[in-house]
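Encoded as structure tokens, here's the structure I'll be asking about.
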Amino acid sequence: MKKSGLQKLAGLALAAMIAGGAFAPAALAQDAAPAAAPAAIEAAPAAEATPAPAVEAAPAPAPAAEEAAKPALDTGDTSWVLTSTALVLMMTIPGLALFYGGMVRRKNVIATVAQSFAITAVISVVWMIAGYSLSFSANGNEGLNKVIGGLGNAFLSGMTMDSTNSLAATIPESVFVMFQMTFAIITPALIAGAYAERMKFSAVLVFTVLWSLFIYAPTAHAVWGGGFLGGAGVLDFAGGTVVHINAGVAGLICALVLGRRKGYGSDNMAPHNLVLTMIGASLLWVGWFGFNAGSAVGSNALAGIAMLNTQVAAAAAAIAWMLIEWFERKKPGMLGLASGAVAGLVAITPAAGFVNPQGALIIGLLGGAGGYFGAVWLKRLLKYDDSLDAFGVHGIAGIIGALLTGVLADPAVNSLGEGASLMTQLYGVAVTIGYASVGTFIILMIVKYTVGLRASEEAEVEGLDLSQHGEALHD
Amino acid sequence: MKKSGLQKLAGLALAAMIAGGAFAPAALAQDAAPAAAPAAIEAAPAAEATPAPAVEAAPAPAPAAEEAAKPALDTGDTSWVLTSTALVLMMTIPGLALFYGGMVRRKNVIATVAQSFAITAVISVVWMIAGYSLSFSANGNEGLNKVIGGLGNAFLSGMTMDSTNSLAATIPESVFVMFQMTFAIITPALIAGAYAERMKFSAVLVFTVLWSLFIYAPTAHAVWGGGFLGGAGVLDFAGGTVVHINAGVAGLICALVLGRRKGYGSDNMAPHNLVLTMIGASLLWVGWFGFNAGSAVGSNALAGIAMLNTQVAAAAAAIAWMLIEWFERKKPGMLGLASGAVAGLVAITPAAGFVNPQGALIIGLLGGAGGYFGAVWLKRLLKYDDSLDAFGVHGIAGIIGALLTGVLADPAVNSLGEGASLMTQLYGVAVTIGYASVGTFIILMIVKYTVGLRASEEAEVEGLDLSQHGEALHD
Amino acid sequence: MKKSGLQKLAGLALAAMIAGGAFAPAALAQDAAPAAAPAAIEAAPAAEATPAPAVEAAPAPAPAAEEAAKPALDTGDTSWVLTSTALVLMMTIPGLALFYGGMVRRKNVIATVAQSFAITAVISVVWMIAGYSLSFSANGNEGLNKVIGGLGNAFLSGMTMDSTNSLAATIPESVFVMFQMTFAIITPALIAGAYAERMKFSAVLVFTVLWSLFIYAPTAHAVWGGGFLGGAGVLDFAGGTVVHINAGVAGLICALVLGRRKGYGSDNMAPHNLVLTMIGASLLWVGWFGFNAGSAVGSNALAGIAMLNTQVAAAAAAIAWMLIEWFERKKPGMLGLASGAVAGLVAITPAAGFVNPQGALIIGLLGGAGGYFGAVWLKRLLKYDDSLDAFGVHGIAGIIGALLTGVLADPAVNSLGEGASLMTQLYGVAVTIGYASVGTFIILMIVKYTVGLRASEEAEVEGLDLSQHGEALHD
Amino acid sequence: MKLIIAIVKPFKLDDVREALVGAGVEGLTVSEVKGYGRQKGQTEIYRGAEYQVNFVPKVKLEAVVDDSAAGKAVEAIKAAAATGKIGDGKIFVLNVEDAVRIRTGESGTAAL
Amino acid sequence: MKLIIAIVKPFKLDDVREALVGAGVEGLTVSEVKGYGRQKGQTEIYRGAEYQVNFVPKVKLEAVVDDSAAGKAVEAIKAAAATGKIGDGKIFVLNVEDAVRIRTGESGTAAL
Amino acid sequence: MKLIIAIVKPFKLDDVREALVGAGVEGLTVSEVKGYGRQKGQTEIYRGAEYQVNFVPKVKLEAVVDDSAAGKAVEAIKAAAATGKIGDGKIFVLNVEDAVRIRTGESGTAAL
């Protein structure tokens, strides 16, 4: 456990650094490979399969020497990432909005969907202003670069019609910016599941902005953007760590800090409309094809296997949850099927481009069972009120997936998987948990003592739809 | 009618074979062309339009002689089939789930959408384990290969990052596996329309697994995977026979075997929420672009014409249904518009890549009228309770489309259409009807005498939501 | 204002011409450049980035001299436009249907969604029969060609598997036909927001057909298809003028001619289900990626920047609307967020492929504020009953976007933006407003005195669901 | 005049209506209600959290009838609504002092 | 005290409420109900299957008023709810033995 | 027998039910209603258009009890439903002439 303690320290250090801009302690300088995040390297073999040779065979439009080395933009790759962007945006609105909206009580449904929608709007602008730059540009200071990007691309300055990001050489930079934006959007939106039915709308907005800048951006940079976690060999194909563990842990802290909903344990808090939840889960599932297969940032066999793995894991997890529920609760429910599928999708996320379908099957089964454990047993045991199980599903299944990636990575699928190790994955998981929990706690405190966190008791009883938004369902 | 009798026999023989593994009677060995299913051949002209020449022009990465012959993967083709896969999955969840969910009574809506969702999960795993292999791999035994694939690709073994399926040479095999999986998912999900509001959930699951392995896989193999129907020249571009007639006929058998819902003809069984049905029909329509245009397994003019035909036929059929309804019922309804559109989509499915838009217009008009005939007149006449008209819409419009493909195929659109003939199409239709009805009947009997088919009367009265899933709508 | 008067005259002249087939007055012959609409020219630089050189390097399949000049079809470009087509169709059904359906009263929801659905069906066929040809084919008569296309492509005759439209040289013509069809569909569907809850269903259908042929087709031709507005340098990347101003203004005329809903101002007309509206707004947002980025008719940096601009503007507008509402109404609502996003999407439409993201941010903020002004202040001021603010949102934000395109176009993004001018844009806006208002008025009169416009008072009180469609929500 | 209130199982509504009409009742008013009684509600479990729904869906019929018709009406309901299983419901009879038909202004028995 | 039950057309609710308030009624309770009477329900046809909906949407108002105010209240409802068309609805008057205001515990007429 | 009608705040429903059961009431029927009284409804504004919703969601409980139990039942409701804030609701007591249990045909007090 000594190591994990150290990592928590590291997390704290990170927090300090971002807040204060201090230099990275030497301890963190674990010879990070020069910024080569997974996806970047994939692009290479992928490019081979595409008609790249044509470029070489065409001497006429002779490009400059340095340009010759740079792979050309590929319309097929670009097309798939454009499509994936649409799919991932659809995951948040209307997907997640409905998934969550169906699970709350009727008096809170408009407020719940409005949270996903408003987070989408706010983060889009935050990402353009600073998020992209902090996550995916290099920080001039080499030490700081291990934990956070620079501000060179703030307001997307520097992006041109010809520029590309080094992580995705065959697509225009604008497409990469957009694709990654949709990840930045969904992550804080996922946290909303934990604080649903009781957080003030103003608090949601302020929390989201701070969390995106101070938790999401550094994590994304550390894992994908050239920072120390990617450098240490932590594998995270599409965001198991950056998105799901991060959001899940943040959700847990939110649930703990906010406290339980009024009437928790006595009032009837049954999901008011599981048809909405079914639509949401379905759109999450479909959209996850963009999330995972889009993370190949190309239209190739890696995208193909990522999509296939995604499907197999989601399905296996839905079945696993259904069967456990059938056994424990006597009847398998729609909510269980939906929850299981989402747990499986979460679990396969870090692994989608590293494992083979047999591995995906295992990850799905364990992810589904783990999600059930998190949302049903663990919550009952520890008595916190993670309203819609942001931690139970995303946190737990995310951890399971991240760890199993270290075990099941198949080099025949992705040569980067060769170095996969459970310990390295554990390291990534621990740092993320440590950083996300400390950082989220600090942000919540800031929000609490500025705009305030929780809606008044009266507002909560009346429902957030009317109290926060002045609107009601009329049917 | 002698021929049709023969074909029913053939169907029975098929059933026997699959169940028992017996050899195919020589009578069936109607010189099947060596496995060249429609789509495979399309790929060739399509490839010409793509930058394939580049491969020839690139001598540097000199591939082995055999590889040189193989067309290279195309990122554009891959991108479109990846997208199509997402679209077709969206057809089932949430599309079909909502289309059906809106038509049942309120007390059965969760159960109805749970059926689509659970079928999606279960078939995904079944397809990975055996479905794909049985449908699309070659059976070592040449006789058997006419009716069923082998198990060489079970658990997707044999699929690598470089492999392709011969039906889709320009996309990775994983993408083909996934694309076809979504077809395997929606087919049994369609049948649910026939047994809605009364079948036990456990029965749904067992029935689905058996039906997929013993009815869907052989049909897909026979038509597309190198079996005797494709060999005989039966044209089915995107699944008019394999998917719609198959599911429609199976639905009819389900309706007959299960009997009518309690209260049929006296209770008010009006669709409880046509807004859900509208969403479902719309997502089916949009998703059908993936279904039909994706079946070009390439991103080319064939995909383009298939999409255009799909649109024209869906629209024409919606108009046809609307007008007939306006005349007969005095008011045109939303359910009619939705039903008509779906009937048109079904009808154009086998023809999408064979006819020209003028042909699509005709198919749409007749398909819409035929669907009306099936769902309104025929059902009233014969008094079976096909709850949501799986047979009325999918069966009847599917048959119309399959036959008209033989009449309207335009060689200028697709050179394969040259050999089109009404008789060959009729042969394909008749075999499918025969096989699907006998096979479905047998499977229903197996389910009936093991887990049981129908929910108890009490459970039916209470509603399947509570009785099967312990959940209820609360709004 | 003299100029604007002239333009209204021009509009009237246009109306006369189309109705009567008269020749274009010389006054209109403002040396229109030979049909080079924006998108067409984009295709050129885009093609450079694609592996087009391969074609040159492949001497073997030696094409005829003229063919050599023609850029080859590109599977990546085709894939993205196929995808975009699906996205734009999804905007109308179920997107717009739900956006509007959630805002009406419960008794009109089925009728409202049925309008979007039926318009989709009807326009698909109209487009195939004549709409495409009138919009995008050249008129043999050079004078007439400035304002309307010919009938050479009626019933899509002339379209082959090899043909392309000159505006989109790297994709099959069928794909271009389909993509543009989805624009033709959504435009009249948008107008429905203005006449919601009171127009007869038969009137909706007749109005839609006439409006599409006599207003939409000439406008599309004038701006994109080689007519006088495009020739004059009016910039409209994806339809700010052709789609949104056009539909918004038509909506205003409908609202004025039809008069207010019974009970307007006294009855409770609160939106009955803002969850539906949220789903609709989300699908509009996601689908708009196809609308705007698809309008690059290629898979390249122009599509990338268009998508990014779309996102930034939608988000900024949602925030702008939210903040104004927070200030004025004390609480920010879900309807405001949704309305703001749509206003931003409308405003960025003409500019998406001309401005940089900073410009998009400005357009979004102003578009959102302008939409608020239109839907809240202006309507209150002028007391017309534009039920769901087709004019307030689409008209006003459309005008803002069209004008700002002239100001903010960045030649570094798109070389066509070099000639951008506020006056030219104003000219385009004024002509469109003039033509759309006069034309719509005439069509409404025709409908009024043939099938009749408005549902009877009784029918309106009972609700359009039952009175027009004989259907009701049962939950 | 008497107000007859009957709380019955929802799927019996049409039978009861027909029986009442058969018994000469010309008008009635129905509401959806939730009942608590010997028949227990159901328990729903969502992700391990148990919610006891103590109420069972019922419909309430209200019909005002002439004093002389009350007995027949009660009998009609009793016969039509009974399944013999728990939860069949109750009938209550209250006195009504006056009735008015809004359309015509008639009052008393004439208004029914 | 009297309990006045009025069953009226839904779109008349606001008019009736205003009329009652005008007649001095300070509180009332409203429910959505379905009515059966001379006004017939509608028939809906879905894919050829005909469903007769025998009931028409109505709202039921219940107001408890002082004996002395009952007549005025009935008149107010009658005037406000009438359209002269079939289905305008009914008013029933019942005797109430006691009333309690929960907040204050007041009872009798003081509780209204 | 008495019919006790109580109009209370929705979130008090379970408390009131428990209190009534504690007071020996074995059955009751609940409906969702909208109330008009001293407690004002809310105003909603959509795109600048203001809609005054004059009614507040309430639940109405109806329980028929033996004459002797009526007082206790009223007390139980009063105690359980009170929050001391405006809008707590009302209790009305009416006389019931007869009661019938449909399942068994029992009538009078035995039917409760």
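So that you can tell them apart, the chains are marked A, B, C, D, E and F in the order they are listed, and the count of residues begins at 1 in each.
Note that in this section a contact is a pair of C-beta atoms (placed from the backbone, for glycine too) under 8 Å apart; a residue touches a chain by one contact, two chains touch by 3 or more.
Computed from a prediction, not measured in an experiment: that's the story for all the values here.
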Shared chain contacts [chain C and chain F, defined touch]: A, E
Distance between the centres, which are taken as Cα means, of chain E and chain B, whole angstrom: 54
Computed distance of Cα centres, chain F from chain A, in Å: 48
Centre-of-Cα separation between chain F and chain E, whole angstrom: 17
Two or more partner chains touched - positions in chain F: 14, 31, 44-46, 53, 94-95
Residue numbers of chain A (touch at least two other chains): 51, 54, 57, 74-77, 79-80, 83, 270-271, 279, 299, 329, 333, 335, 470-473
In contact (per the touch rule at the top): chain pairs: A-B, A-C, A-D, A-F, B-C, B-D, B-E, C-E, C-F, D-E, D-F, E-F
Residues of chain E touching chain F in the complex: 3, 14, 17, 26-31, 64, 94-103, 105, 111-112
Chain A contact footprint on chain C (complex, rising order): 49-51, 53-54, 56-57, 74-77, 79-80, 83, 87, 105-106, 270-275, 278-279, 281-283, 285-286, 289-290, 293, 298-305, 307-308, 311-312, 314-316, 318-319, 322, 329-335, 337-338, 340-341, 356-358, 361, 412-413, 473
Contact set on chain F toward chain A in their complex: 11, 14, 42-46, 53
Of all residues in chain D, those that touch chain F in their complex: 2, 6-8, 31-38, 54-55, 58, 60, 74, 77-78, 81-95
Chain E to chain B touching residues, read off their complex: 44-49, 51-53
